[in-house]
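Should a chain be cited, it is by its letter among A, B, C, D, E, F, G and H, assigned in written order, with residues numbered from 1 in that chain.
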Amino acid sequence: MEQKALRKLLEKVSQGDLTVDEAMLGIKSMPFEDLGFAKLDYHRGVRQGVSEVIYGDGKTPEQIVEIAEHMLNKGQETVLITRLDKEGASLVSETLPFMYCDIGKVGIVGKMPEKRTKEAIVIATGGTSDMPVAEEAALTAEALGNKVLRLYDVGVAGIHRLFAHMEQIMTAKVIIAIAGMEGALASVIGGLADCPVIAVPTSIGYGASFGGIAPLLSMLNSCASGVSVVNIDNGFGAGYLASMINHIGEK
Amino acid sequence: MEQKALRKLLEKVSQGDLTVDEAMLGIKSMPFEDLGFAKLDYHRGVRQGVSEVIYGDGKTPEQIVEIAEHMLNKGQETVLITRLDKEGASLVSETLPFMYCDIGKVGIVGKMPEKRTKEAIVIATGGTSDMPVAEEAALTAEALGNKVLRLYDVGVAGIHRLFAHMEQIMTAKVIIAIAGMEGALASVIGGLADCPVIAVPTSIGYGASFGGIAPLLSMLNSCASGVSVVNIDNGFGAGYLASMINHIGEK
Amino acid sequence: MEQKALRKLLEKVSQGDLTVDEAMLGIKSMPFEDLGFAKLDYHRGVRQGVSEVIYGDGKTPEQIVEIAEHMLNKGQETVLITRLDKEGASLVSETLPFMYCDIGKVGIVGKMPEKRTKEAIVIATGGTSDMPVAEEAALTAEALGNKVLRLYDVGVAGIHRLFAHMEQIMTAKVIIAIAGMEGALASVIGGLADCPVIAVPTSIGYGASFGGIAPLLSMLNSCASGVSVVNIDNGFGAGYLASMINHIGEK
Amino acid sequence: MEQKALRKLLEKVSQGDLTVDEAMLGIKSMPFEDLGFAKLDYHRGVRQGVSEVIYGDGKTPEQIVEIAEHMLNKGQETVLITRLDKEGASLVSETLPFMYCDIGKVGIVGKMPEKRTKEAIVIATGGTSDMPVAEEAALTAEALGNKVLRLYDVGVAGIHRLFAHMEQIMTAKVIIAIAGMEGALASVIGGLADCPVIAVPTSIGYGASFGGIAPLLSMLNSCASGVSVVNIDNGFGAGYLASMINHIGEK
Amino acid sequence: MEQKALRKLLEKVSQGDLTVDEAMLGIKSMPFEDLGFAKLDYHRGVRQGVSEVIYGDGKTPEQIVEIAEHMLNKGQETVLITRLDKEGASLVSETLPFMYCDIGKVGIVGKMPEKRTKEAIVIATGGTSDMPVAEEAALTAEALGNKVLRLYDVGVAGIHRLFAHMEQIMTAKVIIAIAGMEGALASVIGGLADCPVIAVPTSIGYGASFGGIAPLLSMLNSCASGVSVVNIDNGFGAGYLASMINHIGEK
Amino acid sequence: MEQKALRKLLEKVSQGDLTVDEAMLGIKSMPFEDLGFAKLDYHRGVRQGVSEVIYGDGKTPEQIVEIAEHMLNKGQETVLITRLDKEGASLVSETLPFMYCDIGKVGIVGKMPEKRTKEAIVIATGGTSDMPVAEEAALTAEALGNKVLRLYDVGVAGIHRLFAHMEQIMTAKVIIAIAGMEGALASVIGGLADCPVIAVPTSIGYGASFGGIAPLLSMLNSCASGVSVVNIDNGFGAGYLASMINHIGEK
Amino acid sequence: MEQKALRKLLEKVSQGDLTVDEAMLGIKSMPFEDLGFAKLDYHRGVRQGVSEVIYGDGKTPEQIVEIAEHMLNKGQETVLITRLDKEGASLVSETLPFMYCDIGKVGIVGKMPEKRTKEAIVIATGGTSDMPVAEEAALTAEALGNKVLRLYDVGVAGIHRLFAHMEQIMTAKVIIAIAGMEGALASVIGGLADCPVIAVPTSIGYGASFGGIAPLLSMLNSCASGVSVVNIDNGFGAGYLASMINHIGEK
Amino acid sequence: MEQKALRKLLEKVSQGDLTVDEAMLGIKSMPFEDLGFAKLDYHRGVRQGVSEVIYGDGKTPEQIVEIAEHMLNKGQETVLITRLDKEGASLVSETLPFMYCDIGKVGIVGKMPEKRTKEAIVIATGGTSDMPVAEEAALTAEALGNKVLRLYDVGVAGIHRLFAHMEQIMTAKVIIAIAGMEGALASVIGGLADCPVIAVPTSIGYGASFGGIAPLLSMLNSCASGVSVVNIDNGFGAGYLASMINHIGEK
């Protein structure tokens, strides 16, 4: 895309339609807009395949609304807001078309994409308490046009619960394995599946869990191949990456 | 596959071709073979899509040869041996058809797969010293039937070196970003590419690198989306996962 | 036992058979013998139910021989020596009746106890490389009069290998689960078994395994009940504790 | 048990009482029930010898009540709820027969088991502040049918306090040693007792206690044999494991 | 300065204008004043080139006012107060001429220096959330008489945003690079600029950011030359050091 | 002391004034009293030279009052209560003669000892914010009968402030050096003084101070001889140890 | 510089001297040369003000010679090689004009720059054992055209040794403070000097020094303003940065 | 002492015997001598009460000999050399009167002080393997004129061994408690003794001992009063500090 723009610009210079100074200005003018407090990147949708996401933590509702409106005005149909607390959500909902998921702390401005992928991203959690992270991942994936299959509370302490879903695990295209405590779920799923497994350690646990270090290390050291890891509690990152993989080969 | 086997077995019981005791035995007999010191898993190729790999570290050359021979006898054409030192390699080469990569400490028994993927896995490293990890990744990927594009020594200290390959990065299907020290390469590539980026921290560095903790944390905290992380120095794991992703949508 | 000795001593004082000074001396004279470099504790067998074990690391072969001879002279039939390297072993074998296990680095002076427990201690390892720790545990348990059932290389990356031994795991009296890397084996076994599971993290692994911290944390955070943990690579401790539990209820 | 069920199922197939498809369904239908937010496991009592426990932390009182009612309906007589705060407790007590221990934050739905073990589990703490963890352990053990002997505030700073209970320690079947700060209690008890000692580090302390890391490391490195460790503040885990051991040999 | 004072004092002794005892007293009398709770150091301005700064955290507004008044009375024109919360600020503003920056939590008593340096200190941040640290740095620099150029939210996830300011970065005299998460900004800027880069890790992030450890390690391991690091969130320290460097060669 | 008691007891047995059973009981009856929630140790004053101290943190005001009253009843004149918050203090003051130091969070029940040591314990702090820890140390020392010399805010950033007190430091009998941040004060004082220096790291600081780890490590690695370290923020421990040393050689 | 090249290129396009395709190629052709194993960056001297340095660790002598020769051929007069061991040095000296510093493990190919800065960089070390790091810094600075003043073994344990050089410290333009153990030297110098202090923690020490973590944290938490920190043992980085600062204002 | 020197110098100025310039020179000329590689401090004996000690690690035998000779020439009778390996020792012994302790790696140049303190420093170790650290402490103490009582291998695993020495512990003036593994010895001794206890963690142990971190944390968190801690394996520091305390009140 940028290659083409450069070529066009150079052609114009070549044809005398553009002076050298104009061309230098054109090459330098970067594709983002300055709101003063955050530099939006509208080309990102083009460049990275999906739309800009608003990381809500540390932003005021007013800032969020302003950013979201700019995005909608530029033509984006779905704006995902992660790490958004209830109060922020209720403020956003006053001025914009809005849905909010309490558990995952995720807001959607605009409408969810209708067209979904043929195959579902499988999202498995070790326990009920991992649901906030799982929902952040699931809603991210759905906002990016994916079908999602939720397998919650299938941790290794009662491993037969996981095995009830053996077929779905063994035929999946991409799986997100979310677990706190000892994080063994990722290894067990990684040992069964033959697709990429994105492991998300959660800060669920206490004592020697050290806020998620235990499952993080456990997942990094997984003896199963095909497992990679994102940051502790990073449901969004897992959903985003899973979506990337899930869209490969789709038309 | 196992579903079918179970169905067949149950049908035989149903038709009286198998007694209950025989059926119980059949269900219990697991698909692996016991060499005494390591339980091989021949079904894995079927179940996970690729062949068993031998992790050479901590195994004697004799054990490696024995395992490799069993694999070849079972019909496998390529056996990958990782973390194999020079002496071990020279011993293996005495009895088996064998290639050895000194830098990556990787051995290949049998022949490399001829058919390669249409698209290449891009493997980028921050420095020259990351090459051992990169070659482990590259040879793993090639042994699993992938084309590989090597971009070595393109770290952020001289970021224009990376930008010379912008087009390859922006159009890649999957990228492996390997870096020690501060590990910023993964974030920079992740910010440019719109495909999955598998980040491999390496133990290259000194002092506050703490054997790879610095790039590990850096990569886990990447502000770029689409980045996931494998263990420090885990070139094999990155190559294996990249191969999984690269084969999606190929026929 | 000591209660009786004290009573006897007091009775002698009461009957005038012992002066007050003699009695004070008697109470103070402690039940150990001073070799100059290490204070042996012959009463320990009485007090703790098993014989003194020699921790070989950091002792010269001469010191080990001297300690072992003292023990034998006091009537002990089996002396266990852990963390004993090959050279030390060959030196010990020159002067004492001796068996040596190379893998577990364990030596046995004297003869192995003939009488064994009715039930076997189950010892499971995640991989082949965990064998040194496993053999330290196994030989410790055998030297303390236990039957042992070895299930090696049944890690979660190929979880069906573990399931081939489901019956032995589900009916065990006590299990030792030994694993490096992500240490998930302990949780999986803990979720299946209904007996105490002693988890032993090993220093097997690399990178973010951090010399055994990863499996250690994983095992401490096990979501399965009945799991407790000993020090990294502490095969002896696990074998000793398992023996304690295995002897409960035996006559 | 499951072996029998499988045999029966296969016999029915063999006798034509069950079609192959029905059999496959039967094998797959797992023994748990889906409430939507948590998968209960009623067979666990059979499989692991005790009843399901509700980990209260992170669950709403409504969820807890719902889970507990399901358990009672299935015939369970005692339901243990750990990590339950006061408000949750008062809400649960409105709808269910209920006892609550403020210090240990443990609730009991239903009635405590009447039949107790012959021998008591000894629970020792280093200080008064370790009582919350100790009571979680004690009530867990009592809910599982054990007698309990509490020895609180017998830490090593005034070691003679511990020695007043020497006889109970030297004749115990299993001991739980709970301590924060430097955690030396476990080693001292481990050096005196000849039974399994379950060490529980607590987060009691300040500064270089690092939330329990100091006693955790101390206990893992105990030079006394027979000591194993559970997670920081994990009173439940210690009580559960001690109960397992205490029931061995009981009829 | 002190050399001169000593010389003068010795000359007086030599000329009999000062007794030996008076001279000893004079040498001992140190150049600070004791308020009881904090020892001010009025000579510091002379010795270190800038005025005393009040670190507001942990001081009551009354203490701050008292210290600031003493400083003003001694002739200082600008008093910088860092880590000052809103309430403290409003209390200080009641009794002293005062400006307050809410984001950076910085107060200025007196008036800002009018004369500014010829060249601006460039302050770049990775994200919007790093602004509090950046403003602490910026206001510190301005209070010390520097021009400041703010480049906020130019992190590596959208690296073209940084490149829009390439010229300012490549011609700067000193740059402050502030970033949380993976902290790659410092390396990228360090690779582009040929001036000292002061890296400030921030505690912005979550999970494996560990309160700023991730960017701290990342910055310490920077493969770019000319980068040095100050404490996590230490905007003041960076601003102060940058001012030192920026004043070199100015007249 | 106990030696004498034992001798007396044995003499009584010898003279028939005590039966064997009574003697056994006597030896076992330990010198403490059980209040149910904490085992007081009245002999400690005899055995360790000072009176029992109440660690207030985690105890209710009622418990504190009860313990203190028992102590007073047993004849103790000064009861020190550390880590006591304001509310607790006001409750204690309602029923007992009581003084309270707000900064050090220390309460004194009864009256301060009148007789003081000839020499003062020197207590130096790096900054004003270290005062809470310093006052805990100072009041502990005073309650144990020591004179105290306070040198606050003499940290190394303005090292001349410390040097104003050079004579007191170079002639001290024992010094307590209290500092947060980088903790260099202990080394500087240790390099100047020729008496024991007790270093107390404090949790004062932010970022890479890590709650006191930075000064703790700094002090443990002090290149000055004669420096030893107590726990982070442990003013009481430092005051107690300094008192022990300060009383040596006093009559 | 690059701005000019771009302008020239565009002018040629504008004048028809360059086709669009040639121009695109020209923009893409980056200013470095590919040796196969390392991408040299000849423009760096221009862009960053000094010449490329060869980090010797992990490179073979052959690679080093090859890189150095390329640099000399391109007209560079001084090539600095850091982390070069003796054997490597002796190999390099066979083919190139070469000086080698054994202590600092630094080699210089070509000749040292003759023209030196007017002012000297002050390099102070805590102990004799810090000399290897100090010499790496000193030779780097000298190779970059700076005068250097070495103040070795002036650590705080004998602080008067440092004070003998008070005048040099108080009038310096930039200081490098190198220390292991507790690293207090940086704070003490930072408190005395009014110029930038570059702190270098060294791995000198043992036990709780943790390979340099203790001085690293100490230096990061320095309460003295104007102190910034580089990686553990990073003498080169400190020398390079000090040179940058020392050249400001020089003509 | 320095006070007197200053007074004398000032008196000379006052009497005209010294010019101002000479006086300034005199004040600046510091009391140490520069050997080029290490600045000796002959006044230290005066200022700190004992003679300079040579830390052998990282110094060549030649350097050690040179430093020791300077010390002897200045009149010192005993020079202590710590961390001196065997080879170094044999080299030193060729040119100087010399004794060497292999276990503690301590050398003594000259003769041991004859006059010893009235009371002995008690040095207790947990195990035999702690002897190297203990001997470093013991020989340091002896070289500084102290009697020493060695109680080795009295760790808490067999606590009765420690109790055999109860009287010596309860009447000691100062105790050094040395232990690796869990380091509980310091707390137990601290709970029994009423004198300062200097705790020395050792790096003896494996796995979760983490090179001495476990006993270090354990000792820092000791619940016994009067315990302070020195660096891991720092026998010298403990011996030196114990000597300081032991000399108090001696004439």
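Annotations for the structure displayed:
Just so it is clear, a contact is a pair of C-beta atoms (placed from the backbone, for glycine too) under 8 Å apart; a residue touches a chain by one contact, two chains touch by 3 or more.
All values reported here derive from a predicted model rather than from experimental measurement.
Here B-D and E-G were compared by C-beta pairs in contact; the pair with more is E-G.
Distances between chain centres, each the mean of the C-alpha atoms, put G farthest from subunit D.
One finds 38 Å separating the Cα centroids of subunit A and subunit D.
Subunit C and subunit E, compared by their mean Cα positions, are separated by 59 Å. Taking the mean of the C-alpha atoms as each chain's centre, subunit D and subunit H sit 49 Å apart. Shared contact sites, meaning residues of subunit F that touch two or more other chains, fall at 3, 158, 207-209, 213, 216, 220-221, 225, 231-232. In this structure, the chains touch in the following pairs: A-B, A-C, A-D, A-E, A-G, B-C, B-D, B-E, B-G, C-D, C-F, C-H, D-F, D-H, E-F, E-G, E-H, F-G, F-H, G-H.
Taken together, the subunit A residues at the contact with subunit E in this complex read 28, 30-32, 37-39, 41, 44, 57-59, 63, 201, 203, 211-213, 216, 231-234. Considering their complex, residues 126-127, 155-159, 181-184, 187-188, 190-192, 205, 207-210, 213-215, 217-225 of subunit G touch subunit F. Residues 6-7, 10-11, 13-14, 16, 19-20, 23-24, 27 of subunit B are the ones that touch subunit D when the two sit in their complex. Contact residues on subunit E toward subunit G in their complex (touch as defined above): 3, 47-49, 53, 167, 170, 173, 192-196, 198, 216, 220-221, 225-232, 236-237, 240-241, 244-245, 248-249.
Those residues of subunit D lying in contact with subunit F across their complex are 128-129, 131, 152-154, 158, 160-161, 163-164, 204, 206-209.
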